[in-house]
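Naming follows writing order (A, B and C), and every chain is counted from residue 1.
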Amino acid sequence: MNRPSRPSEFELVGRVTIGQYLPTNSQVHQLDPRAKLLMVLLLAIGVVASDSLLGLAILLGGVALCLVSARIPLGYTLDGLRPALPFLLLLALLQILVIPARGPCLRTVWEWAFFSVTDRSLLAGAVLALRFVVMALGISLVSFSTSTTELTHGIEHLLRPMQTFGLPAHEAALVVNITIRFLPILAAEAERLLKAQASRGADFGPGRFGLLTRARKLLPLLVPLFLISLRRADQLVEAMEARCYLGGKGRTNLIQLRAHPRDHLAVLATSMVVALVVYLGSIDVEGLILSSILPCPT
Amino acid sequence: MSQPDTLISVQDLAHTYLRGTPFEVPSLRGVSLTVAAGRTVGLVGPTGSGKSTLLQHLNGLLRPQEGTVHVLGDSLTDPSINIRDIRQRVGLVFQNPEDQLFEPYAGDDVAFGPRALGLERDQVRERVRQAMEAVGLSFDLKDRLTSQLSQGERRRLALAGVLALEPQILVLDEPTAGLDPLGRRSLLDFLSSWASDAKRAIVLATHNMEDIALLSDDVYVLVAGKIVLSGPARTVLQNADVLLQSSLSLPVSVELSRQLRRRGLPVSTDSLTMDEATRQIEVLLRGDS
Amino acid sequence: MTTARAPLIRAEGLYYSYVGGTPEPVPALRGIDLRIHPGEYVAVVGANGSGKSTLLRHFNALLQPDAGNVWVHEWNTREAVHLRSIRSSVGMVFQVPDAQIVASTVEEDVAFGPENLGIEPEALQVRVREALDAVGLTGYEERASHALSAGQKQRLAIAAALAMHPRCILFDEATSVLDPQGRLQLLNTMQALCSQGLAVVTVTHDMTEAARAHRVVVLHNGEIAMQGDPRSVFAQENHLLALGLETPAPTHIAHRLAGRLPFSSQIPVTVEELADEVAGQLKLHGQIPQSNPMQPGGAYP
């Protein structure tokens, strides 16, 4: 018997993989959340500051290694990237075809009308794609291996020095915590709304329609979802006030974070790798490698 | 006596949420159920038993992963059927349906369904009027802002929105949840009168046993994705052992009969509703004076 | 229920209207005079729109009166300086389980309240442990709060309120989203807390629930239409019907049988009591032998 390939076009909740916590209790899981947050920050610096494909490949390898050591199924992680894939490919293609590359030695690989693809532009496209993948995997790694509690405490502790400048550390951390925690709840509400409206004949199908019509078709989902979110926010505020929440000042904490030597080591190791990666970018290592194999057109 | 037509037939239905991910959870494990014309089917079970999942198969929101579901002659495992047609003929009303209202003006929200069907303006207007009046809302309310209606009115408005599609089968998930006693009574009255048409059927999922006792002809008890008991309402609702083991409560009249029998009174277990229980006790008491 | 001690919560001439959304302010409470005493179990009932939930929110100073006053102990709810004391003494459990969970683990959610009060970490540990114990959630400390069942979430909310060492807990339709088993468990927990000296004020639609209280307060259009112990309130079935309410099912049946069943002591509010009454009547007239084993009638199921 021929069955429809996907049982339901409405199953949103489980497909949102960012923000999920997979408690496998690995070494990575046991790192202090502050260390992990700092590592992601360093990763971001490396990703942004380095133009080197080799460098980014090293970062990718590092992140992949951490994912394996954290016992996160690789397939599941990559699955979470799938929705972004078409968008990414489009950007990479634009980078390769449209954005003119710069550099001392440009070797043309392919030409057609006013499109020209050089070795540099190919590299640039690959770098763009890799940047995204590394960052997405890095963030996934942190969220898979760190519970929301730990994350919130990590963020709060890291932001504490900023309190002297007036930054409300606890409030900020609380906002992050509640946002992450309510994502699956709101996804469930959205799923319920999609189903309810579809049951009334709503058509959320892909557009054979103009942009305005397509936006209007989403109203039966967006308006109630927005209203529900506002209502939940109001209710949560009431609950917090009822428990005497008046901001972060004067609060104590049940959970205290304690750093271990392995946390310091992890951050140190990461900074060294990132430093290497940035260095590789600064010396244009790809240019050097290519020039040593192929002649330079003048 | 002719057999009533089978409107919906569910055979060995199985469903797993998030199949293929580390979070997969089986929610239905081989469920079979029949909805016949002119009957009201009650589906009871504790939270998490799979009631909502089962309901969502009845109008094609979920397609069977295993087993079959036949709705009004169409098989839901056939990918070529017109699913929108099914969704018009089987009206599914979710829990707290007032949450799904999105149009600023009440009448427009009820009109959403008919408009989606592509009806002409006059037809849409007529459908809205009939639907609103059927649920006890004055047609004048159509120009009121949805946000200004009371909770009871908004729930009725949401129900009208589904009725405006003129479904043959109504499927409701916890319809009286959160209503005050007045609201509940008027909703139950409406459902009872809507179901009196012999071509229609209702499927009602709830853990409110009084609602079930009042409306159902047939009852299915769902626990952890399996039907543990099914049959005519009178039989099922008096099986106190199974009901209590399934973390459900008993309809008051059934509980009353049990308590009376524990005190040595000769009570047959036939009463389902409070009216029947009252009459039964009257008979008992009349016997002594 | 003795009322010799000073009231915990006192409302006098309480008026309150909602502003916004409509051109005119909507009056919700119109001159409420009410007292809640220590250790008392009070059920507030009324049709939708009668002002029940609004009234409840005045008891922990989430709302302040437009006219009249509300005192918790001797603190006036209008005075911002007393907010902390008032809210730690009067806790609240809301209707929607998810929308009152603040932290991602059970222990942290319970600790949230006392943390706000600046309680020391060692004392926090003790409070969390005791609160979880009181609601039967010991061992759940590190569980994800959102992974609990609805009934467990409500018990978590109670623990979170208990951790602040309150004298009273308010319940705003806290059982309405629960299935029968969850509802029963929650009601039993509420009763246990009350027997330990906590005052309980609960807003509910469920008359069987209200029957458990020491006192039932019936609101209608923002005013107190009736109040008294459950039996005396439920005895007035016609009045309740006129107010858009009903009586618990056993009471309703008893009313219908009134001609044939003169109530020996008081009107039954539970199934057991009704069964007792009926059995008692039939025994009196020799319908059943005296030596039949009888279940002891209890006030609460």
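Convention: a contact is a pair of C-beta atoms (placed from the backbone, for glycine too) under 8 Å apart; a residue touches a chain by one contact, two chains touch by 3 or more.
As the structure is a computational prediction, the values presented were derived from the model and not from experiment.
In terms of inter-chain touching, the protein chains here all touch one another pairwise. No other two chains have as many C-beta pairs in contact as B-C.
In this assembly, the chain whose C-alpha centre lies farthest from subunit B is A.
If you average the Cα atoms of subunit A and of subunit C, the two centres end up 45 Å apart. Annotation: 30 Å between the Cα-based centres of subunit B and subunit C. Remark: subunit C residues 57, 60, 62, 83-84, 87-88, 91-92, 94, 96, 98-105, 107-108, 111-121, 124-125, 128, 144, 146, 157, 160-161, 164 touch subunit A in the complex.
Subunit B contributes residues 15, 17-19, 21-23, 56, 59, 61-65, 77-79, 84, 87-88, 91-92, 94, 97, 99-102, 112-113, 116-117, 161-162, 165 to its touches with subunit A in the complex. Remark: subunit A residues 1-5, 7-8, 10-11, 13-14, 22, 73, 76, 192-193, 195-203, 219-220, 223-224, 227-228 touch subunit B in the complex. Those residues of subunit C that touch subunit B in the shared complex are 21-22, 47-49, 149-150, 176-182, 184, 205, 207, 244-246, 249-250, 252-253, 256-257, 260-261, 271-272, 274-276, 278-279, 281-282, 285-289, 292-295. Residue ranges of subunit A in contact with subunit C, taken from their complex: 21, 147-149, 152, 174, 177-178, 181, 184-185, 231-232, 235-236, 238-246, 250-256.
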